[in-house]
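Once you've had a glance at the structure underneath, I'll fire off some questions.
Chain naming follows the written order as A, B, C, D and E, and within any one chain the residues start at number 1.
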Amino acid sequence: MDNTRTMTEHPMLQIKNLAVDFNTARGQAHILEGVDFELFPKEILALVGETGSGKSVTAKSILCLLPKSLSQSTGEVWFKKDNLLTLSNGKLQKIRGHQISMVFQNPQSSINPVFTLGEQISRLIRLYLPDQIESVMKLNNCSRKKAIDTIAEERLNEVGLTDVQRLLKSYAGQVSGGMAQRYRIALALLSSPKILIADEATSALDVTVQAHILKLMREICQKKKTAILFITHDLGIAAQICNRVAVMYSGRIVEIAPTEDIFKTPYHPYTQGLLKAVPKLGQKEALAYVPGMIPDLANPPKGCRFHPRCTYTMDVCRRRKPPMTAVGLSHRVACFLYDNHPKPRKVEI
Amino acid sequence: MILFLAKRFTGLILLLVALSTLVFFFTRSLPGDVAALYIGGNAKPEQIERARIELGLDKPLVVQYKRYMERLIFHADMGVSLRTHRPVFQDLLEKIPMSFELVFWALLFATLGGVFIGVISAYHHGTPFDGAVKWFTSAAVSIPIFFLALLLQLIFFNILGWFPLQGRIDSFLEFTHPIAHVTGFSMIDTLITGNFQAFFNVLWHMVLPVAALLVGPLGIIARLTRSSLLEVMQQDFILSARASGISEPVLFFYYGLRNALSPVLTVIGLSVALILMATFYVEMIFNWPGIGFYALAGIMSLDYPAITGIALMVGAIYVVANTLTDILRRVIDPRIK
Amino acid sequence: MADNRTLYTDMARAAAREHRQVRWFELKRLLKRKSAGLALIILCMTFAAALFAPWISPYPEQGRGDVNVEHRLLPPSSDYYLGTDIYGRDMLSRVIFGSRISIFGGICIVISAALIGVPLGLWAGYNEGVSGTLIMRVVELFLSFPSTLIGMAISLILGAGWYTAIIALIIPWWPWYTRLVQGEVVSIKHMLYVEAARMLGYGRLTIIFRHLLPNILTPVIVMILLDLGPAIIAIGLLSFLGLGTQAPMADWGLMVWEGAPNILNEWWIAIVPGTAMFIVVIAFNIFGDALKDALDSST
Amino acid sequence: SAQKNMVYASPYGITTLDPSVSYSTELGYMANIYETLIRVNPPGSSELFSFVLATDFAASDDGMDYTFKLRKGVKFHDGSDFTAQAVKFSIERTQRLGKGAAFIWGDLKEIEIIDDYTVKLILKTPVPLPQIAASAYASYIMSPGVGDNGSDWFNKGMDAGTGPYTLKNYKDGESWMLAKFPDYWGGWDGNHVENILVKYTKAPLTQLQMLQAEQAMLVGRIPLDSYASIKKGKNTTVLYGPSYQNYMAFFNTTRPPLDNVKVRKALAHAIPYKDIINIGFNGNASQARGPVPQGQFGGTTDVIQYPHDLELAKSLLAEAGFKDGGFKLTLTYAAENGQEARFAPLIQSEFKKLGIDVEIKGLAWNTQWAMAKKDPKTAQDIFLLLWWPTYSDPYETLYSLLHDEGDKPVWNLAYYKNPSYDKLIRKAYETVGANPDKALKMYVDAQNMIQKDAPVAWIADVRENWPMNKKLKGVVMNPAYPQVPFFYNMYIE
Amino acid sequence: MSAPSTTTAHAASMPRPLISLDRLHAWFAYDKPFWGKVKTWIKPVNNISLDIIQGECLGLVGESGCGKSTLGRAILRLTPLTSGTIQFQGHPIESLNASALKPFRPKMQMVFQDPKASLNPRMNVLNILKEALVLNREVDPEHHLEESVRLLSLVDLRPEHLFRFPREFSGGQQQRISIARALATNPRFIVFDEATSALDVSVQAQVISLMKTLQHQLSLTYLFISHDLSIMEQVCARVAVMYAGQIVEVQDSTALFNAPRHPYTKALKDAVPIADPLHKKDLGVLKGEVPKLSSPPKGCHFHPRCDFRQDLCQEQEPAPCETDPNSWVKCHFHEQLWKQGALKDH
């Protein structure tokens, strides 16, 4: 199975104890505290979790994109031989986009509104693919500009965009959310990155277009050995295309496991609650949900942050943070319930 | 674009008509005795009466208004200045180039310098340099223009002696190399007549007044550029470009600046009006014979044709400047419809 | 029922208390920035000086304008800390008394301008129909009209004086507020919460005052603070032309004007009030800036 | 060799260059470009008049006509010769246009050309024609070559005078040059400045700085407090001379409490003349006696003066029923006039000691004047005014300022009415040509008549002063021609 | 607790429309020139006729930007109409002006797509609720406080939340506050505009179960807008499918997803990823681009992307064709496809 293979390989990206604090009006908000996971080549890892649990922040801090004046990041993000968090700007530049690229949550707002889409993509083509431009120029015996256009067109077609000529001349405001998102995805794939971080990359698409993109992702993952970190709300997507799923709750990964395992035997009470809440076609009974409120991050609950909403709260949960424990082959969970007996416990909620 | 220009142009005309109407009735409600003013000196009652008829002041206000508007619209005739006894239009044509020279340089340097300082300090956001810039711009926008002009004179003429005190050109050059009047723009006039000595002298004379004029707008523009750019730099698309491995300078000067420039341009448009206002004081203090000097004298003597003319002109300049900056904004920022 | 109600009242109090604490925290954070704290101290001192001028100035009657011919044009000394002017009046006292008009006038101008401009801006922003367009055209008219000219002309009509100077400045000032507010309103009026209020069937005025006004108040307050400096300068400018404050009262601008001819010899007559004006304006500016940052980040 | 060029930093702008119309601050230039038939000599001269374009004149016995002999060999700037024709043309043109100071010719009946160099002016009433012909305004002789040209023609920078200088390079509101007219009848032998660059400089401070930096030889007005340093300066000095300008305060006689002569007298006594002269004028003035300034014909020490006396003022107020004052007055002055702005607070401060509250209003001159003319009942209480005569007979001053103007006041801003005064000054005016001594007595009586009613407090006769470079010599001041620098006499050492 | 149940519970025997739309058009001028006619119209609601039956929850699905929100807002008269009629409880309301509309306002409410944006950030929850309560004649102003607490408890919030501001709540809670506000006026009809699409599944489930409870308790009628088909089935009995400004199919929800009659419905259904890793499937990809609302394709709007299109589709717009009571489909060949079983799952 997939997961056994991944364990033997060297991880592409390894995140250790990543913590992020934000300065806010109410004081320091501990947005992330101790995020640990790794990403292997050729895998798609789904990162799911509650709204505001820190998924996007995790993604951004991998590439050191959080504003330095507002936030402090600690921990380690290992990519190849480098800890990205301590890397100089110049070196980061060589990694950002070239090796690790990212698709942001809001497609339209992540395209510069004052340049045409064409200007933006050609700048990146020139940055990433100088060789290819040369070869296309030689091959087609055409000008540089023409060559860039050709490449752009080809790449945009790949993500299912048609009428590319018009698209290249339009501005962000003139294209639909779906087009914008596909365009961003095309940009992110331009350099054939080693790692792609897709932050809700399909949420603005309707299901049919979404399907196309998901297929594409699976393809590049297989063909180009790209590892993908796929952040989503939609557990359906996770189930359909991801190898592993990491569940995040209030700044921590609370459970991480191969997809089948997570869906079959969720361990963490929150994961279980989440899965129960997934609506399914044909399901008649009412959906269950996790009761209670999202914790206030400036003033998070002591110990396990989930304990106020958990039915199995023990004393220790209030006092200490649960460490990650392995409960199966590449299945880990952060919950004291499984300290001694690594068996999934059905939690009634 | 043509539609937009047509719209702006009709807007300008309507504005000018409204403005002239407003100013007309406004100035007529001023309590000065226009006819007596026209005569000047120790005017005698019968003379005043005669002047009143000559100026048409004996007619009802509406008739006067009609006459005024007709002349204005069909002959670009704004009447005769009560003070200089010359057609206001001619006076204005003569004065505008002189002020324009100051305004042009002030605006140019304020814009270039302001944007540059703004970008640099945004780039070095949070450093001591940025703090210094912040203090400097706060000071720049806070210093009263007349106080600044006085200080400049005091420091650069009286104490340091680097720059001339006043006027457009050294007196001795007026004897030896007088500026020929071709376009009215002394820099151009001296250049096309090959009068280089005067050219450099004029340049030299411009330094202090231009400096006095530009400090305020420079501060405003620098501040706005900085804050606008900082805001832009937090946007998703910048983050996204950064994530694509674009280098920081390119990110600031190429990607961010263009987005940040739109509000800056608006303010530059408004600065034109501000600088024009400031010329009132600067021209007086530096003895610069421009429109501000003329306006001030006009106001103090209730020279209403001149006041009206100036108001119309400043209004027109305001609209034109704003239209220009609007067009520019459209060019650099396709979001604006 | 009654018990419930007292319970609710208690809860309301508790919530309000907490809310106030948050505000206080924000204020403290604001003041922790050294420049803002310094600015605030300067402003407080100036306000205090203006308020208690008769008690704190060394020569209050000279501050009010009584001449003191024997001590004309004295440079700063231990008797007259900041020297004396052409009538022999103590500059320190004059500057302290001068702050009254400068500061009161400045506040008066911006507040009145806001009181006129904000409602018009709200209306014009919310109704983009005929009335709104009309208002904005008028605003444009005023903005395109040289404000100094308006100021001067009005001073000329009403006769020079500090109160006419204030009126003369309010008139060209309010359109800026209308413009600001209109822009803000246009950008928030399509917010869903405004639509929600429309859905409930509320009329324009309710929506304008209950929903729009509170949400544009922050930029308005910041603009008021940032405008105080320019307003003080503007009064000074009018006085500079002899159209503002009249002798024997003085505002700082007038004092600079009066002192300007002597600047080469008796420099203190112009430099002292000019510097006072500069410092206070800069303080308003920095404080306004800091407040803006604080308010921006807290919402 | 001596320097022939100089710079004059002048605060005096040009409102018109038409010599028939000119009635304002351009006088200083006009008097160098144009010439009159005769000129009034400065006080203290042995002769009353000196001859310019005329070489002699004689009056008929009844004083109803005057015959002028004209100078020969005089050329206009346009090259034509000066003849009797030009005199007729000029005066008639001025009369025809009727602007500016044309009113001075109001009593002229006709001009008769006797021959090319003799002209006879015939009057309607026996007014002092030589004074009129020597007027600083409206009596310039211009070339008939002007023809039908109107003021526009002049205002382009043209001139048609006979004076030593001709206008060149006229840039309104900036600068212009008075350049030597080579064919001037006086010739250019000896020491004369030849080209004068006039830099229109409004700000007094700038003028001061220009003077100190030797960027200007001569300036118009400088900050009063700088006079000491000017006098001490290595290169600079101040030249003083008499002037016929004076400052006055009109009391609104139509309204209580100033309709009470005792109150007016009290106020006249309460004005701190000395402080005003010291601070307001930096010592550069003297307390006035009456409407006519000292030195001018009609200004004598026989006119009663109100000395500064607070005690007396207090008792007068008490007599009038205002013990300890207790009333409020508004005082207006022309905001453009720095001098008035400077001394108005002194009056305010002094009146406060009487318990009188003075509200000072600085208004643009024209506004101030318009408000004063509109309705005496609502007008100001005290009106500060600077006055100077158009020609050097006191009649113009006495008539303009105090004769009964009915309900349309123009200059009589005390709204004073006294028929016997009106009669007396007219009589003096018609006598002066024939019998100056008798006229003088009448003028003094008329002034004392005024002083008894005290409708106006005469504040100060100003002394003319010219701050200038020490090297500038030959500066002549003539109070009949206020603020005229006669450049022809000047030279640079 | 005095539940404001004024209407006696109707037996569902005689379904009568609470709202009925007839040939409704709501167009927006795209480029309004200085003078003259508008050249381009955006037609998000283009000739829609639809009945919403008393007491039902009607789902509205369709891809993003097809006009769902606009339709919802048009029904509530929040957006200007171009033509067509709207009847609410039999009263035509399409041409009433603001004041005439006032009595209807409390009866029709909307819960907006973006909960945060729909709550005034400067008002606390109490004020937000009060503002709506004022319109509810049945509640005495004195009792607004208690009523607010009652409303909050309906949506599972606690009294102390009354004094908080919207930004202090999580997305799901904000959504519940807007539901509470919608309920405050004692409405008969509520439009839920993608009320759950910004939420994670748990919070979404929370909101949905709340909606269902309330519907039963207060016998409300819903229009539930979403582009997520999986929750449709959970919430709605009947679903309308919208495509490019038009409704192409209305059906019973179970039937719709088991046996779609319109090719577009089928395409939608195929593309839904199923949250079960054991049932990996090939997600159906719809070719072609989303049509422009300003110039939708001639004939059947869906034809450029339809696998089954024939010449007729390009020329003639299909008429709605009733298949069951209260169900219809707009497709020229739906019967043919149905018989062929072309739209069945394989």
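Descriptive notes on the structure:
Basically, a residue touches a chain if its C-beta (ideal position, glycine included) is under 8 Å from a C-beta of that chain, and two chains touch if they have at least 3 such contacts.
This one's a predicted model, so the numbers in the text were calculated from it and none came from an experiment.
With steps allowed only between chains in touch, the distance from chain B over to chain C comes to 1. Simply put, of A-E and A-B, more C-beta pairs touch at A-E. If you average the Cα atoms of chain A and of chain D, the two centres end up 90 Å apart.
Averaged C-alpha coordinates put the centre of chain B at 38 Å from the centre of chain D. Note on chain placement: the centre of chain C and the centre of chain D lie 46 Å apart, centres being C-alpha means. Among the residues of chain D, those touching two or more other chains are numbered 209, 335-336, 364, 367, 371.
Contact of a single residue of chain B with at least two other chains is seen at positions 30-32, 158, 299-300, 302. Multi-chain contact residues of chain C, defined as those touching 2 or more other chains: 156-157, 241, 260, 263-264.
Taken together, the chain B residues at the contact with chain C in this complex read 15, 18-19, 22-23, 26-27, 29-32, 135, 138-139, 141-147, 150-151, 154, 158, 270, 273, 276-277, 280-281, 295-296, 299-300, 302, 307, 310-311, 314-315, 318-319. On chain B, the positions that touch chain A within their shared complex are 125-126, 234-248, 255, 258-259, 332-335.
On the side of chain C, the complex with chain E involves touching residues 1, 4-5, 7-8, 11-12, 14-16, 19, 191-193, 195-203, 210-211, 214-215, 299. On the side of chain E, the complex with chain A involves touching residues 63-65, 170-173, 198-206, 208-209, 212, 227-231, 233-234, 254, 257, 267-286, 288-290. Residues of chain C that touch chain D in their complex: 65-67, 69, 72-73, 86-87, 156-157, 159-161, 241-243, 246-248, 260-266.
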